[in-house]
Structures are given as C-alpha cells and as structure tokens.
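The chains carry the letters A, B, C, D, E and F, assigned in the order they are written, with residues numbered from 1 in each.
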Amino acid sequence: MSYDAMVITAHPDDAEVQMGGTIAKLTARGLALLIVDLCSGEPADYAEPGVRAQQAQRAAKILGADRLILDGQDRLIQDTISLRLRLAQLIRDHQPRWVFGTAEACVHPDHAAVEPLVTAAVFYARLDNWDRVPGGEILATTEPWTIERLFFPHCKMEPAWGGSFNFAVDVSDTYERKKQALAEYRSIFEVDEGDQLLNLYEAEDIHMGRLFGVAYAEIFKAHSPLLVDDLTVFKPGLHG
Amino acid sequence: MSYDAMVITAHPDDAEVQMGGTIAKLTARGLALLIVDLCSGEPADYAEPGVRAQQAQRAAKILGADRLILDGQDRLIQDTISLRLRLAQLIRDHQPRWVFGTAEACVHPDHAAVEPLVTAAVFYARLDNWDRVPGGEILATTEPWTIERLFFPHCKMEPAWGGSFNFAVDVSDTYERKKQALAEYRSIFEVDEGDQLLNLYEAEDIHMGRLFGVAYAEIFKAHSPLLVDDLTVFKPGLHG
Amino acid sequence: MSYDAMVITAHPDDAEVQMGGTIAKLTARGLALLIVDLCSGEPADYAEPGVRAQQAQRAAKILGADRLILDGQDRLIQDTISLRLRLAQLIRDHQPRWVFGTAEACVHPDHAAVEPLVTAAVFYARLDNWDRVPGGEILATTEPWTIERLFFPHCKMEPAWGGSFNFAVDVSDTYERKKQALAEYRSIFEVDEGDQLLNLYEAEDIHMGRLFGVAYAEIFKAHSPLLVDDLTVFKPGLHG
Amino acid sequence: MSYDAMVITAHPDDAEVQMGGTIAKLTARGLALLIVDLCSGEPADYAEPGVRAQQAQRAAKILGADRLILDGQDRLIQDTISLRLRLAQLIRDHQPRWVFGTAEACVHPDHAAVEPLVTAAVFYARLDNWDRVPGGEILATTEPWTIERLFFPHCKMEPAWGGSFNFAVDVSDTYERKKQALAEYRSIFEVDEGDQLLNLYEAEDIHMGRLFGVAYAEIFKAHSPLLVDDLTVFKPGLHG
Amino acid sequence: MSYDAMVITAHPDDAEVQMGGTIAKLTARGLALLIVDLCSGEPADYAEPGVRAQQAQRAAKILGADRLILDGQDRLIQDTISLRLRLAQLIRDHQPRWVFGTAEACVHPDHAAVEPLVTAAVFYARLDNWDRVPGGEILATTEPWTIERLFFPHCKMEPAWGGSFNFAVDVSDTYERKKQALAEYRSIFEVDEGDQLLNLYEAEDIHMGRLFGVAYAEIFKAHSPLLVDDLTVFKPGLHG
Amino acid sequence: MSYDAMVITAHPDDAEVQMGGTIAKLTARGLALLIVDLCSGEPADYAEPGVRAQQAQRAAKILGADRLILDGQDRLIQDTISLRLRLAQLIRDHQPRWVFGTAEACVHPDHAAVEPLVTAAVFYARLDNWDRVPGGEILATTEPWTIERLFFPHCKMEPAWGGSFNFAVDVSDTYERKKQALAEYRSIFEVDEGDQLLNLYEAEDIHMGRLFGVAYAEIFKAHSPLLVDDLTVFKPGLHG
C-alpha cells in the first residue's frame, strides 16, 4: 500500500510526543500516513510485555495513521547497514512523498540513531542495481523511489539549548487529539516521572505556539534548505 | 492606496537584484506591491543625474510593481529615528501584509542600515499614542498597522560565507522578467565592473536554484521562526 | 546608597518580566537591589499618564527592590554617549557587584539599545580621569568602580530561535511574587494582547523550568565566560 | 564503594591533563573521586609495558583520587553497546553525583569516542528492567542510578578554534598538584614532543586563567544548560 | 613511491568533482599526487562493470595524478578500524605532506564516512609500536609519518546551507582540465540527472569564484586553524 | 606617500598589542606600513599628557612602521560619517594593498567602533563622484582606490569565548620586537593591572602559537573568505 508520509521513530509514543499534532493535521486533510517504530519500546516501566504495542495501535488510530512496529531492541538501536536497507525497503514499498525521523541531538542513544539511519535509508531508496551489492538483495525486487522532503521533529527530552529549528507547524486545532493519543500510553506515564515528562513535552509545544500567538506548535529541522513557490504560506509572526 | 507587500531597500536596483524574481512572482498572482528606495542612488557612475530614477520606474513597471524613491543620500543612509518614523508612516499608509528589507550582513553601509531601520519601522507602525512622543506626530493621524511577516533578502554583494538563510523562493518562471528589469539599469552596469556584478548576482541565483534542481532561486532570512499550517507547501529538495 | 545589584532595563515592567523571579530571590537573601528604568514607559496603552510609574514602584516593593525611573523617551531609547555617562555615574554612586541589562537580540528597538549602553557604562565606570574628557565631568567627582559580573536576561518578546543562553536560575520558589509584581501593571495587560503577552512570558519560564524538572526558570546570557570555584553549585539536569 | 564523582577518560594521563586541577580541588574539599581509564594507554612511547599503569596510580594518589584502569585497547576505543553497559555498571556501583568525560571534538579517535560512550552509559544507568535486554544482564542485579550532572573537559590536543565552552573552574590553588601528577608520567613526556605537549596543555590553562585575572583555569562543556540557585556563585570576569 | 599529496575520497569522480581544479593546479607545479578511491563506484548507473575504473584512470591522467582504487563496497563505506589502518599504511608508504578527504556534512553516507576515516588514518600514521596493537601489524613494518596539513573539500551534493568553509582555491586557470577529466565519466553523467549534477557542481564553482571576481573557485574546510608566515598570500576579495 | 599596508586602531598601543609581531614581520620583508591611531589615548593612567604620543612614535619605529595619531577623543570613538570619510581620504592618500582594523567583538566601545568605521572607509575609498555627496568633498580631489584585503586582529581584552578566527600568523621570529615596542608604553603598564594586561595579551599569543607547535601566533578575522592560489602556503598544524 502506498502512503503519503512515513514517520520513523525509535519507540511507540515517540511519533506522538514529537509530532502528534502534525500527524493528526496531515491525516485530517486526507493524507495516508504510516508510523514506523524501530522497536516495541520493551522493556517499559509500568507495562506488561505486549501492552505497549496495543497502546501504540490505539494511539495511531486516534491520530488517523497506520502503524508498523519493527523488531529492534529498545535501548540498543544503532545505525547499521541492515537496518538502513530494511527502512529503504519500507520506503520503496510505501512510496511516501514525505519522510520524518527524530532529530539527532538527543540524550537518548536510540533517538540519536534515527537521523543517520533515516537519512541513509532515503538515499538508498532511490539508488538502482542493489542486486549487485552484498545484502542489497532485499531492495532488488522493488523500484527505486525518490521522496520529496525529509524533516526531523525535535526529540523533546532535551532543551533546544544552543540549537534551532527550521520551521514550526501550528497544531492548535489538532492538539486535543495529540493529547488523547498520548493518554493511551497511560501505564508508561502514570507515575511521577511520567507526569513530569508529559508536562515537559507540552511545555515546549505551548512555548513554541505562544511565540506566534497560537496555542500549540511543533518544531522541525531539515537537512537541506526550504524552497517555496509562494512565501505567503508563512503564517504571521508575533512581531512580524 | 493599500499594497499587499512593500519592499524597502537602499537604492534603485537593490530590489531587483535581491528579489526581482520574487517580486514578479507576487505581482503575477495579482498582489499589489510597492518598492521603496531610501535614496535615488545618485551619484551613480555612468549615468547623468536623474536618469537612474527613470530607469527605476521602468524596471518597477516590468516587475508589475509601483515605486517610491525617498530623498535619502546615497552612501550616507543610517538608522535614524526620523527615518524609522517616515517608514512607519509609509507602512501605515499602505497597510502591507508583508514587508521586505535588505539583510544586514553586507559590505555596503547603506545596505547594512536597512535591516535595523525596517525592523524598527514595522514595530513603530503598530504602536499607538504617537502624539505623545516627540517627533511622532507624523504618525498621529494614521491608524496603527500590524504586518504579518518581515523578510530579508540577501544583499548579494558578499558571499553567504559562514552565513545561512531561512528559505528560498523558486523564481525560475519569472527570472526572465528579473533580467529585463535589471537591463533597464544598463548605464550602471555597462562597464566591466558592471558585468562582473551582474554575473555575481546571477551566479548566486543559479547556484541556489541548482541546489533544488530548479533553474533559479532567491534566498531570504527572517528574524522570527517560520510557522506553517501545512508543511506540504515545501518544494522537493535535491536529495530529500 | 550602595546596592549589591542593579537591573537596568528600558521600561517599567521589563525588569519584572525578564528576571522578576531572580530579583525576588536575590532580595530574599538580603541583597540590596536597584531597578533602573531608562524611561517611564509612557505613552502606554490603557493607562493615564503617570499611572505606570506608580505601578512600577509598587511592583518593585513587592520584589523587595528600590526603583529609579530615568527621563528617557519610550520608543526612542538609543545608545548615546550621554546616556552611557549617566549610567556610569549611577553605577559609581551605587557600587553594585552585579549589573543586569536586557540582552540585545530583541524586536523592540528600546530593548536592543540596552545591552550596548550598559556594556559601555560598566566600562566607563571603572576608568579614571574623566575630568579630561568632554562631557565626562559628571563622572569626575566620583570614584572609579569595577563591578564583578554583567549578565543579560532574555527580552522574552521573541523566540530564542537559533539563539542560546549561558545559564538559568531556578525561580520556582519566588515565582508567585513575580506574578504579583506583574499584576500591578494590570492596566497595561488587561486587554487581549496583554493576556497574550503574559502567557508568552510565562510560557518561556515554564518551558525553561521543565527542562530541569523544576517549575520555573529565567535565562541569562553573559559576554565573558562563567568562572566558578566549585562546579557542584550547578543544579541537576533532567538527564544529567 | 560509593564516590561523589567519576572521571571517565580514554588513557591514563587524560584525566590529569584535562582536569587535574579540578580533581584536586574536589578531593581537597573532601569529595571521593574515581578516575576510570578505558585502557592502559599501552603501547606508549618511552615506557616499558606496565610502567604507565604504575605512573597512573601514583598520579591519582597525588590528586587524592582512586583509579580504575579498564582493559580497552589504546587507539581502538569505540562507542560499543558492551562498553556502554560496562560503564553503566560502574556508575551504578559507585553512585556518583557528577560524571565527567572528554569532550568529543578531538583529533584523537579514542578521545572522540568518550563523549558518546559516557552519555549513553549515564542514560543506561538510570533505566530499569535490564534483565529483559540482551547483554543487559550485567546491569540486572544493580539498582538504577541517576546522576546529577555530566560535564565534558576539553581534550587539549586541539585548538578550541571555532568552539566554545560552558564554564571554567579556577584551579590556581591546586595547579601545583596538577603539575606534580603530570610529572609522574615523566617517561611519556620526557622527549621533545612531550615537552611540546606539556607546554601546549599548560598554555591553555594559563590563557583561560588570564581571561579572568586568575593564574589557571580548566574549561568544560555540558550537554544541557546550567541551572543555578544563586548566580552570585560566578566569580568576577576581567571586564564584568 | 613517495607523493607530495594524497586525495582520499569514496568513489571515482569524487576527487574530480570536489577538487579537480586544485589537483590540476598542484600537479602543474610539479607536485606528485595520488588519488585514492575507497571503492570502484560499482554498481553505477549507465556503465558496464569495470568501465568506471577505466574512466577513472583516464581522468586521473588528465589531471596529472596517479590513482589507486581500493576494494571497498560502494554505498556501504563505513568508518572501521581496519580501513583506518589500511589508509594509515598508504599514508606511511607514500609520505604525503598534504592529505585531502571529503568533508563530512553530506547526504551520501559513503561521503560522510570519509572525514572520520581519514582523520583517524592520519593520526594512526604517526604513532609508533603498532606491533603491540591487535590488527596493527600492517603498520609495524613501516616508519611513522607525520603529514603537514589535512584539508576537506566540499562534497557538492548538498547546499553549503548554514555551513561555511575555511578557504577557497582559485582554479580558473585549470578549470578546463577539470571539465575534461569529468567528461571521461560520460556514461555516468550522460542522462538527465547527470546533466543536472554536473550543472550543480559547476554552479558552485562559478558562484564561489564570482565572490572573488575570478571565474572558478573550489572550497575547503580544515579541522585546525590556518597558520601562515605571510598573509600577503591571500588573493584580493571582491570588496576587500 | 604610498604604503603597502595600513593598520587602523583606536589607541596608541592597540596596533602593538593586537598585531605587533605581524607588523614587524611585514616591515622586515621591506613593506612600508602606516599605523593610524584614531585618538591619542589620553587621558591615560600613569602618563602625563603628551607622553603617550611620544611612546607611540618610538614603538612604531621599533616595529619599522610610520605612525599617524588622529585627534579623536579616547573613550568616545564612534562610527560617524565624518570619520569614515577622513579614513577613506587616508586610504586614498596612501593607497595600501592591505588594511587592518580591530575586530568588533570587544568590551571596549572604542575598539568595537573600529570595524564598522574601517569597513565603511574601505568601501567609500573606491567610490567615485564624491563632489556630489554632502561632506564628501574631502574625497573629491583624490583618486578612488581599491584595496586588496581587509583583516581584523583580535582586541585581546576579551576571551575568544564562543568566537573564532580565520587565520593566524606565526610571529615567533619577530616577537622579541613586539615586546620591545610594548615596553615603550611602560608608564601605562607599570602598575599591577598593567602587568595583568600584558600577561593576558602574551598568554593568548603563546596559546595560539602552541596550537601549531610554534612559539607565538597572532590571530585575524576576515569579512569575506580567504582565496589562495596555492594551498601549500599553509604551515603545518600540530595534528595535521
């Protein structure tokens, strides 16, 4: 099946935390979207084995997206050739115009591995002749695919201290659904630290939104510059 | 008269060099646009006094924009309170949604003065009670006006060395008109150095365009971050 | 009279918005603190002439600080030699160990003028022989004074987009007093935009606080690096 | 045994070179400190096998710290899952409040591997349920441990060219002990290049110190911002 | 055989694209230069197996350089200990004063691997006692070698967006030979995308050249700062 | 008289402190060099009026340079049109190929004014038709002059904290003369703070030198990138 966009993150709940409002916005306008988690997020605190995957499927449904959970090992995600190839295969299979992956600057090593992985996978997906590359056979039977844009949402576990972003998306109108989706992961977040994390995540979305005079915004980076046909698409700034 | 956008630069030909393709694009979709030059660009090499203003009017017409030439002195443009107030008055008079002014990092001191001037003018334009501020009377009879966005095109006289930009506009389809507009300033550019300058300007537009696989692009900075409702407005990158 | 610290900002309410929690914290431990506003903040929306100065004095009292309002003109604050000298005189008169002034990167031209002004004033304050400098006589009868550190709070009107800060102060325990002080300026903030501004300011303090697992934090820049005797003074980070 | 701080660097002498003065300062105030070298630093020029480990133990004693030398291979240190887990185990065993590791930007590949290794180890140390992660068993019998802060001293082999640091520690009063500790590694440094290296290291400490008007200072980076309760802990700058 | 300089890049044609003009310039003044490709660049579009290696040898000859093609696998180049050691061995064998390798910031994962690989290889090459390091035996029979400078040409596949460079080389007088060398790779570039790529590469060289008023320039980064005996070696800037 | 290079700084001793070794190096190879001080540096501590000018002339002689002291007012140097024009006139009169001026990032407001002043003066010097610009008459009788390069030495009063430089000059062989020149200003530096300042300045030169394995180096910035014909002019780095 073909999707308009793919969101590739390390664990179930990453896609929701980092860009849940944007996902809901894209699906609300009719785009088909696939969330790919590199692992099941197990072992998780406060959840029996297998529960998190069920939570994740319900959360995806709330956001209007499909979800695929790969069999990576939580905490041990690394940028390997075989995982690059697997992701390239998924990109070819689903032919998305947009791909998203957690931005690299993050204290969690699983999160930090996503940006180089997805960058390589997008690059591999458009190359030909994989039958002549060791291990590349998994790509040999599919057609090359070139995506339009690759964007990186903020991991939110860390300050954007000394950092920056390239654009924000106004998610005021879909934020309620983001919160509903996150609520599915209730067992992960139900203790003290969980509340603290949810507060942290929401504090960033509120702060970014207020910078534009809107309620909530999610931020993104890009490797290559932004090109537009029409600069009137940018929404008003708080002070121009 | 009200305009959708105002482009404020130091000299006639700056608007054309820095964002002529973008201007043509905006007017082509029916937006009303006013170019404001802070001075006449006199004394200019290779042109009799007064000629440059006529060239500028013809160039603006080619781009589909109106043009106003203020009586500043070429080479001596500075960020003064009175010029801020004069520009704020123009902004109130013409009620633009978008304002543009040359980005500050430039070897030409006239260009470097534009960004602080325009930034302050946009801020002044939205404040009330100017009758109670010395010199502010020129704003007292007009209504406060809040623009939507303020963007800064690149001065192009200098490398973007160590610098960056926030977005580019694909101007492939209006570049021919940009070149026609620049051709009006033929007496300025007709000698050796002129050719060198035109080549320099065009080399940047080509280089920026090729980074996206399009023919020509013009680049812009912004003080505050970019907010969009829909990130699918960004055009494809060369490699995602 | 001598003060331990001076906070120099453009308008009444700037000190409160930018570092009200830090001020309350310093005075709570017995330090004497003087707030210097470069102008009265008039004309202000929604307040009769003279009212804002009274609000400011009440707000300072809540924070435990004294306040001096200079006779600059709101909106027209600039970095001039005479204002540098006036501030240097105040620094000599009050012999503070710490001086604070709004960080330069701000859309409001009054705010942007504070950092160069205060930087020069601190430098002037420690030089000798002002009787031999035109205009310097106002410093000639006072003794040179060298402060310990100069810090710059964030103006908060703009995103810290692409920017950074050097340290934050945990103001969780004094934030209630900050809010009480800001409430004094009720006539300024009582309309829609006012609420929006207060929300914006508070959103930054919350967001910065959550990055450390505390309720509220205020951020600061410094020109020269931070030197400590004992690095155990740094409080825990959220992730180390 | 529990330690207040752990310093994790690649080779014996790294801890001394990079932050010997800070180590001596921390132990002088009664803190217990463990230096962990990832390898023995063999083969070293100008020292018989095994000699360097003895030098390292004497140097640690001079600084008042304990020392543990792991069995990594000099020159081949890399960021691997198993080494992350081993370091996480050490962190759990010794429950430090502060952890230090060489900053990544360094020409020596062993040094460059320390920052990602230590960052991941600190993160692993606080997670639970390692019995359910392949290879994680070595953490399964120990309790999760959350440190307070993670700091990165400068490798000193390279210029801080284009770089920066987050704070410096005044080590004027313990510098003599740093030099005594380094003198233990006499066989490594006794030839021409050695002198050159020691001069290079000391030149940075002197230069950094002079920027504050003190004799010697050591510099540190941090991933996440600095939070203080009391900004009066910062020592005077040379010019405020 | 000994060479004055070695250029280490991932694929045949990288050296030409990234710094072909500089190579021709160095060989024109009599320096001996070796290009080392980490792999054959196979599978390549539009070329039979083995053809690209022949093209590469002809291109090197046009530039006056020798060429060695290693047996790495296109698309799968990574920073491994064994490849570091192999490159260190080549550096020792050929004793270059200057080494070049593609700068890391590049969308192609093969290109991104070159900078850490070459940095480590240069470092390994100057160390002694490799017989006592596992796998280091391949260096044990050669003499340590210390190069003078390591520089990194731009990969050219990506914008220099937000980036910078340390110096440029005026290649106007050898650019014709660069184009001849690139023409050898005709089968790679003969389709649409090829033209697009060649245009992209040339657009950067033109743009960089025009910034100085010369026809073409190639840009380079360096890890450590530039030291000169005589700053009059820098050529004129367009505006000083 | 025509000079090969002009060094424009605020006060007598600035040229010596910031680039005395480079000046001595340029004059040693036969280049004619003019130092221009924007003011006499009066009132100075510890020197009778007029003494500093004499010291300055002797110091210039030691460095092999001529010196011109303008009549600006110490502490009150600002970027004004009239001073720009005066400096442009000097540049035209002396037709230097290289111009130097203190880099802007400095705590001393006089130093901070030099970079914009010199940048504008260099730009003014090459423009024609000054008889048609108010105040420009002082340039009307001289011929336009275009310099080759404009470089900015470091003010040295502040850390290069968070900053960077573009190249360094090895001044090991002329450093003795730099120290002799500085010794002429003995009355300024003879007290405690003076020693501290001289130590600070020298500490930077030593530190920068040691980064390359040489005794002393002075650092410079440039507005526009460095272009070379021959990259073999760069001296060895400590680690390549």
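In this section, a contact is a pair of C-beta atoms (placed from the backbone, for glycine too) under 8 Å apart; a residue touches a chain by one contact, two chains touch by 3 or more.
Bear in mind that the values here come from a model prediction, so they are computed numbers and not experimental data.
The chains in contact with chain A and with chain C alike are B, D. Between the contact lists of chain A and chain D, the overlap consists of C, E.
The greatest centre-to-centre gap from chain B, using C-alpha centroids, is found for D.
Comparing mean CA positions across the assembly, the chain most remote from chain E is C. Rounded to whole angstrom, the centroid-to-centroid distance between chain B and chain D, based on C-alpha atoms, equals 52 Å. For this pair, chain B with chain E, the centres built from the Cα atoms lie 40 Å apart.
Within chain D, contacts with two or more other chains are made by residues 107, 119, 123, 158-159, 161, 165, 211, 223-225, 238-240.
A list of each chain pair in contact follows: A-B, A-C, A-D, A-E, B-C, B-E, B-F, C-D, C-F, D-E, D-F, E-F.
Contact residues of chain B toward chain E in the complex are 107, 157-165, 196, 199-200, 203-204, 206-211, 213, 238-240. By the touch criterion stated above, chain E contacts chain A in their complex at residues 42-45, 49, 73-76, 78, 107-109, 158-159, 161. For chain E in complex with chain F, the residues that touch the partner chain are 22, 25-26, 29, 31, 97-99, 119, 122-123, 146-151, 165-170, 211-212, 214, 217, 219-220, 222-240.
Residues 81, 84, 116, 119-120, 123-124, 127-129, 132-136, 223-225 of chain A are the ones that touch chain E when the two sit in their complex.
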